[in-house]
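There are two complexes below, and they share chain A, which is joined by chain B in the first and by chain C in the second.
Here is the complex of A and B:
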């Protein structure tokens, strides 16, 4: 019995030693387990990237979708900014409703991701790290805006796409078995540039900017968000869900 | 004794496997961990805006520049037209043109650096960068600016650079340069001082005052001062006010979010007075909303404790299983045991 106990103590001791060795790389482990959200640079903290879409200006031409697809080398069956034609009032004509990823402040997709592949940066942009994504598609179920897409097969690649180094901020080359979505062209914003959909919109319906500055731009004019929301009675899509989207809509005239 | 050796071997295999798995788990995250800070957030601004600038290959097209006059007096209106004819267009058929004083690739290329003031750009605003849609292949697209000539006499260059395509994949520039000869004028120089609060709270109203004086320090009454917020994508107009008998124009505003409220007061030139401007930074403080607990990452201490607890539980469980497995079957004679 004594021998058994000794063996057990030895066993636990060796195990503890294993844990100790493991903990030498604990910082890496905790980084992995805590996902990426806390690792953003300090200077992102004050940024609050957001979008304002003027439904009165949108003609439903689809140029934003095309510009987005070209800029991100998106597989043909995905529309990271999708145009819906809505007819929710029988007494009024239908209208077009562009729907990008809402980059929610409390994103359900991030909350359900079992491996921490979806994360939210300090500047509010919700991204996916495809090196971590296991393709379970829980996030697609959780997203109330249907803004996520799954790569069932190997998407076709261009040489330019393949030459690019993958990062969650510029998530190409695209790969099979992962979920993809709008990345708010976050690297554009960091360089003082506008997202592809904003540049591509010929009617200037899509505005983008730092909500902490209370300003968004469509490349032609700058809107004061607080003012335009008050005057035009802006709203957020499915506000009642409490996801706090960073995309605001201005209703038609 | 043999049994004990066997048991030790099994134990060693178990521990080695555990270490191996732990080692793989711990030492491989470099390849699978997430965002490491991105590509940095250095701003790249060119000529006031940079919507179409990117590392890219050259496109194909021609640009010509035309000016209403190449000899102007100070503050005289000058119309500049840039015609762009493209032979290659991307799907979105967008062309962006920068009006510039030079092509060094920096912010100092803006015409305002020479004292030019943009009265109206092709969209009716005051930007040196404008986006337009081309109608089709080879169709010329015209961009017209109305500028006010600098007050200081001298020769000044203006040129333009074009970019087409929303995917940042192609651009071209013009080599053509318009050289203007401007006859200067003696304007009364002005000085604008902007007084702003050192710090404000989120959602709190604050007031800034811009004090306009002449070169002798005397206040200037009855002149309009414009207020702008300096933002990532340009200056956002906030409002205007007229200077009172003290030469002061006031502007009240609200900062809705934490961060820096960069404000600029601008006095536009008149036929008698030179322009001046002043800027101020107003830090806005407030409570930063934090992520809900355990969302976006568990604290390292909790991860450590969970790891230790799980390890202890599974180790004990493993030991119990091990003890169960090694119970002798009925009739089996144990080697070296007490007979």
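Here is the complex of A and C:
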């Protein structure tokens, strides 16, 4: 973990030196990534964690899913980031479509939760407090992206998982009868690391960062979000529903 | 009918129980215990023992929930509407109808608890409840309806309890204690009468909007999501009409069974079945109209998911269920009820049984296929209920019947004082 963090900081440094901090406009990003752990909760409002997924790069290998499952100690039937094969244009071939939790700005799951177990932090990350969840699964019914999973039986445990202190940000040890989903690896970002799926993707299709800084990274390069959205005509999945996802997609070139 | 004869018939189930009664209690208790055993299995292993999964998130527990909340409309709403419109023929049937409501609400509400992954945290709904959630709306409206229905069942019982207190001999001390305690020192004074009538009148007015709100809010649990087949503006009235539809059918079935079992032919006359049968026919046509309106609008120009869903309902994996509902739950009952020749007590009861079976299936078709529609990609969700779910369902129906059966042994099924007070109309002539 620590090595990854150092590598990430190094690449941020290299990237900054190479392309020029001012030009990319991520001076705040590097500051944020290196000092995030020291910030108080009020500073969450300054951040907008988001993701950009380049569908042109995704090969559908499933490494992101596996990395996520290992990092969160979840069984194989839970795919917090799941690769679908979509074929929405009869004249074009089908393509792979990774679907994490969209961390909507107006999340239907949060809206329908009867007990406020699902909540949205000031930085836009949608999380579940498993100490409150009553297991009614209304959030799963409401989510238009099928991004939520339920612990129908007892989840498999490991000693490492059981030794961990539970928090909604790092929601393990897992328990039966509650709903689970992608947590955007929010503690990674705060420690200056990238989410498990981003690190796990061998083709660098998944980018993560602070949209307020207009910068996301896949661990190899940094994209300026507004720029790449304009050039590649990025979009959000099911935009018409008005959920305002924080995950953006770049169509195949 | 003389007072003595009326009391003899109505009191008989309270003082005498035959072998059939005990056999039925044993059977229903056994089936209820089977459901309890299934629920204990589910508690110990989790909802994994059900057929539900991450795609089809809700199953027949929610189907049962909608069904029982639906038949709960039988009673109180029908009784209140008939009371408010001063339909005199209502008098012998209101008590049964109101009892159905209370027991259906208890069983229906417990279905939600059974469906929960963490029933031990039910108190969170009170301590952490968010009014933004349709589940909270449901929680409040069902709790209000249960309270209101209970009061509305209890108030007209008071004079009858006093009569039992004064006239019944040779009953257990427990029963006598109930009659004494809950008749609230009723002496049939004009002032007591005035207050009681006022109370019943207020409850009858209050209960109508509450009952309408209950099934509207149940429909909104579905309607507030973006799922295909659910996100519909007519869902509120559609559910309310469906609820009254299956509710009337339930009253008819209960009436027929109790009439036979307790010899109530002198109270529950062919005209009661005929009137309720005609109400059932009206609601049948209304439900057909709503169903057509709903499916035609979404099917003609709805989004793709809606079209896929309708394809599966009309001709795909849910077609068998749908056409059983449409033919046996709507069309055939409509003919049985419309043709004077088949509109006999027997015919009306057969139609009511078909309607209720059809409406259970319809609630299944509302709940499950919409969840099975793929939201991302092309893979449909699969669901087949396990023995645990079937056992709990069977247990729920048995518990409902058992509660009603026990009620019939403690309280008079016919509101004696109300029947007595019926104005001397051309009642017998209209037969």
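Quick notes on this structure:
As a working rule, the second predicted complex is superposed on the first by the 213 of 253 C-alpha atoms of A that agree within 3 Å, B and C clash if a C-alpha of one lies under 4 Å from a C-alpha of the other, contacts with A are read in each partner's own complex, and residues count from 1 in each chain.
What we mean here is this: a contact is a pair of C-beta atoms (placed from the backbone, for glycine too) under 8 Å apart; a residue touches a chain by one contact, two chains touch by 3 or more.
Every value quoted in this text rests on a predicted model; they were computed, and no experiment measured them.
With both structures placed on the common chain, the touch criterion links A:132 to chain B and to chain C. Once the two complexes are laid over each other on the shared chain, residue contacts for A:67 go to chain B alone; chain C is not touched. In the superposition on chain A, A:142 contacts chain C only, with no contact to chain B.
Using the contact criterion defined above for the overlaid structures, shared-chain residue A:217 touches chain B, although it does not reach chain C. In the overlay built on the shared chain, the residue A:48 is in contact with chain B alone; chain C does not reach it.
By the document's definition of touching, of the two partners only chain B reaches A:199; chain C does not.
Looking at the shared chain after the overlay, A:162 reaches neither chain B nor chain C. Annotation for chain A, partner touching more residues between chain B and chain C: B. In the superposition on chain A, contact is made by A:97 with chain C only, not with chain B.
Contact with both chain B and chain C is seen for A:111 once the two complexes are overlaid on the shared chain.
Taken together, the two structures place residues 111, 116-117, 132 of chain A in contact with chain B in one case and with chain C in the other. Within the complex formed with chain C, the chain A residues making contact are 77-78, 82, 84-87, 97, 99, 108, 111-117, 132-138, 140-142, 144-146, 148-154, 176-179, 237, 241. Against chain A, in their complex, chain C makes its touches with residues 45-48, 50, 52-55, 57-58, 112, 115-119, 121-122, 124-125, 128-130, 132-136, 139, 221, 224-227, 371, 375-378. Residues 3-4, 7-8, 10-12, 14-15, 18-19, 21-41, 43-48, 63, 66-67, 70-71, 106, 110-111, 116-117, 119-121, 127, 129, 131-132, 160, 167-170, 186-187, 189-194, 196, 199-200, 202, 208-217, 219-222, 224, 226 of chain A touch chain B in their complex.
Those residues of chain B lying in contact with chain A across their complex are 4, 7, 11, 14-15, 18-19, 22-23, 25-27, 29-45, 49-54, 90-92, 94, 96, 123, 125, 130-131, 133, 166-169, 229, 231-238, 254-260, 288, 291-292, 295-300, 303-304, 307-308, 311, 315, 319, 323.
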